[in-house]
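Would you mind keeping the following structure in view while I ask a few things?
Order of writing sets the labels: A, B, C and D. Residues in every chain begin at 1.
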Amino acid sequence: MQVATFLAYLAAAALFIVGIRRLRRPETARSGNTLAAVGMVIALIATLFVIEFQSLLEIGAAVLIGSVLGAVSAQRVQMTAMPQVVAAYNGLGGGAAALIALSEFYHAETVGSGESLVAAITVPLTILIGSVSFAGSIIAFTKLQELAFAGSVSFPLQQVVNALLFVGILVLAANAISGGAIIPALSPVASVVVVLVASLLLGILLVIPIGGADMPIVISLLNACTGLAAAASGFVLENYILIIGGTIVGASGTILTRLMSSALGRPLGKIIFAGIAAAGTAGKGDQEEREVNDVNAGAVGEYLSEEAQKVVVVPGYGLAVAQAQGPMRDLLEVLEAEGKEVLFGIHPVAGRMPGHMNVLLTEAGVPYDKLYDIEDINPEFPDTDAVIIVGANDVVNPAANDPEQDTPISGMPILDVEQAERVIFIKRSLSPGFAGVDNPLFYDREKTMMLFSDAKQGLQEVVEAVKNG
Amino acid sequence: MQVATFLAYLAAAALFIVGIRRLRRPETARSGNTLAAVGMVIALIATLFVIEFQSLLEIGAAVLIGSVLGAVSAQRVQMTAMPQVVAAYNGLGGGAAALIALSEFYHAETVGSGESLVAAITVPLTILIGSVSFAGSIIAFTKLQELAFAGSVSFPLQQVVNALLFVGILVLAANAISGGAIIPALSPVASVVVVLVASLLLGILLVIPIGGADMPIVISLLNACTGLAAAASGFVLENYILIIGGTIVGASGTILTRLMSSALGRPLGKIIFAGIAAAGTAGKGDQEEREVNDVNAGAVGEYLSEEAQKVVVVPGYGLAVAQAQGPMRDLLEVLEAEGKEVLFGIHPVAGRMPGHMNVLLTEAGVPYDKLYDIEDINPEFPDTDAVIIVGANDVVNPAANDPEQDTPISGMPILDVEQAERVIFIKRSLSPGFAGVDNPLFYDREKTMMLFSDAKQGLQEVVEAVKNG
Amino acid sequence: MQELLAQFAIFIIAAFLGFELISRVPNLLHTPLMSATNAIHGVILVGGMITLAEATDPIIRAVGFVAVIFGAANVVGGFWVTNRMLVMFRPPRPRVKRRRG
Amino acid sequence: MQELLAQFAIFIIAAFLGFELISRVPNLLHTPLMSATNAIHGVILVGGMITLAEATDPIIRAVGFVAVIFGAANVVGGFWVTNRMLVMFRPPRPRVKRRRG
């Protein structure tokens, strides 16, 4: 049987690999996810043979509880809440790894089986990484769900505290491995438990100072960490599917984190070590008192129905937080009913999660073929009559192209909305967005109309105005 | 020491991997090759510890002989002969793998150590793949060096003969493994020797029918085979660097072969199984008697020096076989001396080896920044006065764009030489090239001048004509 | 020992493979990829099952039970939510590019 | 047995890695890549050394001797000739692309 389970594990690993390969292209992504899930089922069935069908009842019960929790939450969650639910699952995986390592250690200590050097190193490592991932993910979840710790929470000497905590964890781990040689008062098992608690604290402290907007990147990093923890627990348990699967997730997650942070123009080092929270700056700007062309929904509706023929909509983060996808689709419908041409310009980093906008709009019923990416929409602007920018700023900010300014978005390709006849912003204030860069377009009173409103409410009013106009 | 040698092997494997990664980009390719070579040195030093410095004298002597052979041939070979020298080295590797497996089998038989199942499978496998690779590479070398078997050598029933040979090899291998249970008259060692001989024959028969022009693809495939043979011998010897290094070469070589064959528009299956040899068709064409604008070198020289200001040169396979790089560079120099602008348009598959043209021309002293690839040169043609096409046909054949014709080159992007004012072909006849597709441009008597000549001689004459003109 | 070394070799090569697997992924697919790999590391559930099955002590049994719940939620939730996302990622129709006049 | 299985796992993962390593290589580099991987499989020289060192029989000794010569020629010739090719592959200068008027 051993050979068969091993080969089943290898088949599962191969399916994970092929699954990830297929996830790289939109056409094959869904089948890739399915293949990886099939691999998982194979790995779990093989494991039943490895454990020789012991404790089946308990395992079945626990799997059932976990699956129901997972399935229900996955089915219920709103698309806007995607990042936090990924964070939650990730935390669970990290927690599981830490718990497994903990019980392996306890088992070895109590039964007194000689510990190998490998286990001595990998057990504390798994507990450390797993716990950091668990606690960090919980904090990320809390922030994104806006339960607590909004924005960037900083405290004095945070780097020093973290470093001390880390050293403490190492000392305690050494104490546990050496059977209490360093701090005789603390038994190995007690030391390992303290390692776990201290690692949880470290996870919390590492993530708390990071701004909510950087969370997708942090979650991706914690995802890679959990992969590593799974791989480390594979060494503890001498289990090949854990080693292979965990390592591949650890490595691919690391690269994915780098890709994401560079797509957003946020250097990884800065996010982690400084906890610079650009999101915190939004709304706190000290704009000069410059005048803008402040309009109401009626005026916007009138312009749209009377003067505009070709309309491009640019949705951003504000649309997602205001949950304004529904009214957005309504606006599309009323404008099309009046015979207008309506396109959506989707910037790759619009919103707070890659692919966010596509998912939100398609879910709300906007046809996929109306969504244009940056290369396809930019040539459309010169003959566009009106661009409606809903809760977005960075992705349309011409300051990104200004060689004189050195801003966080400098050099990022933007949607050239300036080329259009008219630009209509729907947002609540003049405050800038994620990157905190003021937008010169706001103050172009010839071209721009500013409709100060919550995205949802503003769009609803505009829809009404167009209908009645 | 065992752990240390293992880690050294892993380091060597990592260097191989990083080396291949770096070989994917022109800027880093050279350092990639160097890193892989460093990995090899590490692997060899580690092996000295594995064998505990036994037989050092003999090993040293053999390594010295092999290294001198390799270095001298590598240094002396002309750039045009690159494919055959790669084939030769590849054959040596395959031969080495076969010999190693052979002696392992002999050793196990004579010493009588119990054979494991793995060895039982991998030993004949290594002998088979290694010998096919050895013999196939030698044939490829012979063809490319034009020693024998030029063009496509076909014989009746070749598929059947190959299949029978393959079955015979399997039976003999089974006989060897089973200790002579199938053919009692043949001892295991004798069976294995016959397997080796039959595999050599198979290698010869597989490659002999393939046209010389398909050889780069065949060599790439044999390269992958040798990698696989090395991996199989790693299982025989339980040696990790052989398994890892061999497998990576086997897998990457397979993909590389596919990339090459699709870049050349030659389906792999056709090459291997049909031995269709398009190269053999060259010169055998039955062109209708259509008239062409047949000129001499004087007329070309006159046109170039008097009427042309901007000249694009398109070199092809014929330039390489005629060894006309030198006169090519001379022509560049005399034209530039007369104040002309001269560019080179290099099609990616010009010649018989990818990258061939770049290497040849740069070696002859043509500055690298005069070499334009297809995307960069095509926009230049509309304001070009003369295109000089030296020993090329397929890469400039407008028939590739003709939707009505279904030819081997249909759909291949070509150099749009038609757009230029004048087109000058330097080739020996009206015969088409590799793909065997007639070129309508030959017969455009308004635009085209045909200078029928060997590329080297023709270019020399044109150089003289320009100088004197 | 030999087996441990082999495991280490697997670790190194799988790490290189992981690095290679992710390259030039369109931004659009970053989130699903993150979510799917998140589900894959739910393979830690295998470890939870082994721990629970081997448990001799009630404490370990309880801890293992929790680990299995966590792992199962990670696996099921991860794949499920990824699928939900991907259902909405129909491939964009290829568009005829306009040339600038 | 366990070690053999681990070796098999290494084989599978290394094969995936090899597939991933080669993708979207410019045509220009096909020949150097072929030539460099050709040199890398010269690692078979390691096998030749082991065979020769363990040889107890004159026949095996002779066969091993030849295998080492072959392997060494493959390694040295392979890397050398690849380097000669690559010396001539200086990176093309980035060119300013002209827009079509």
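As a working rule, contacts are C-beta pairs under 8 Å (C-beta built on N, C-alpha and C of every residue); 3 or more make two chains touch, one makes a residue touch a chain.
Keep in mind the model is a prediction, meaning the values are calculated, not measured.
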| field | Maximum centroid distance from chain B, chain identifier (CA atoms) | value | A
| field | Which of B-D and A-D has more C-beta pairs touching across its chains | value | B-D
| remark: Whole-angstrom distance, CA centroid of chain B to CA centroid of chain D, is 15
| said: Centroid from C-alpha atoms only, then distance chain B to chain C, rounded to Å. What do you get? | reply: 40
| field | chain C and chain D, separation of their C-alpha mean positions in angstrom | value | 32
| said: Quick check on chain D: which residues sit in contact with 2+ other chains? | reply: 2-3, 6-7, 9-10, 13-14, 16-17, 20-21, 100
| query | At which residue positions does chain B touch at least two other chains? | reply | 17, 21, 240, 244
| Chains grouped in pairs wherever the two touch, ordered by label | A-C, A-D, B-C, B-D, C-D
| remark: Note: in the complex, chain B contacts chain C through residues 2-3, 6, 10, 13-14, 17, 21, 240, 244
| request: Would you tell me which residues of chain D are touching chain B in their complex? | output: 3-4, 7, 10-11, 14-19, 21-57, 59-61, 63-93, 95, 97-98, 100
| task | Please give the residue numbers of chain D that touch chain C in the complex, ascending. | result | 2-3, 6-7, 9-10, 13-14, 16-17, 20-21, 99-100
| remark: So, in the complex, the side of chain A touching chain C is made of residues 12, 16-17, 19-21, 23-27, 29-30, 32-34, 36-37, 39-40, 43-44, 47-48, 50-52, 54-55, 58-59, 61-67, 69-71, 73-75, 77, 79, 82-83, 85-86, 88-90, 92-93, 95-97, 99-100, 102-104, 106-107, 110-111, 118, 216, 219-220, 223, 226-227, 229-231, 233-256, 259-260, 263, 348-349, 353-356, 358-359, 362-363, 368-369, 371-373, 376, 379
| note | The residues of chain D that touch chain A in their complex are 1-2, 5-6, 8-9, 12-13, 16, 20
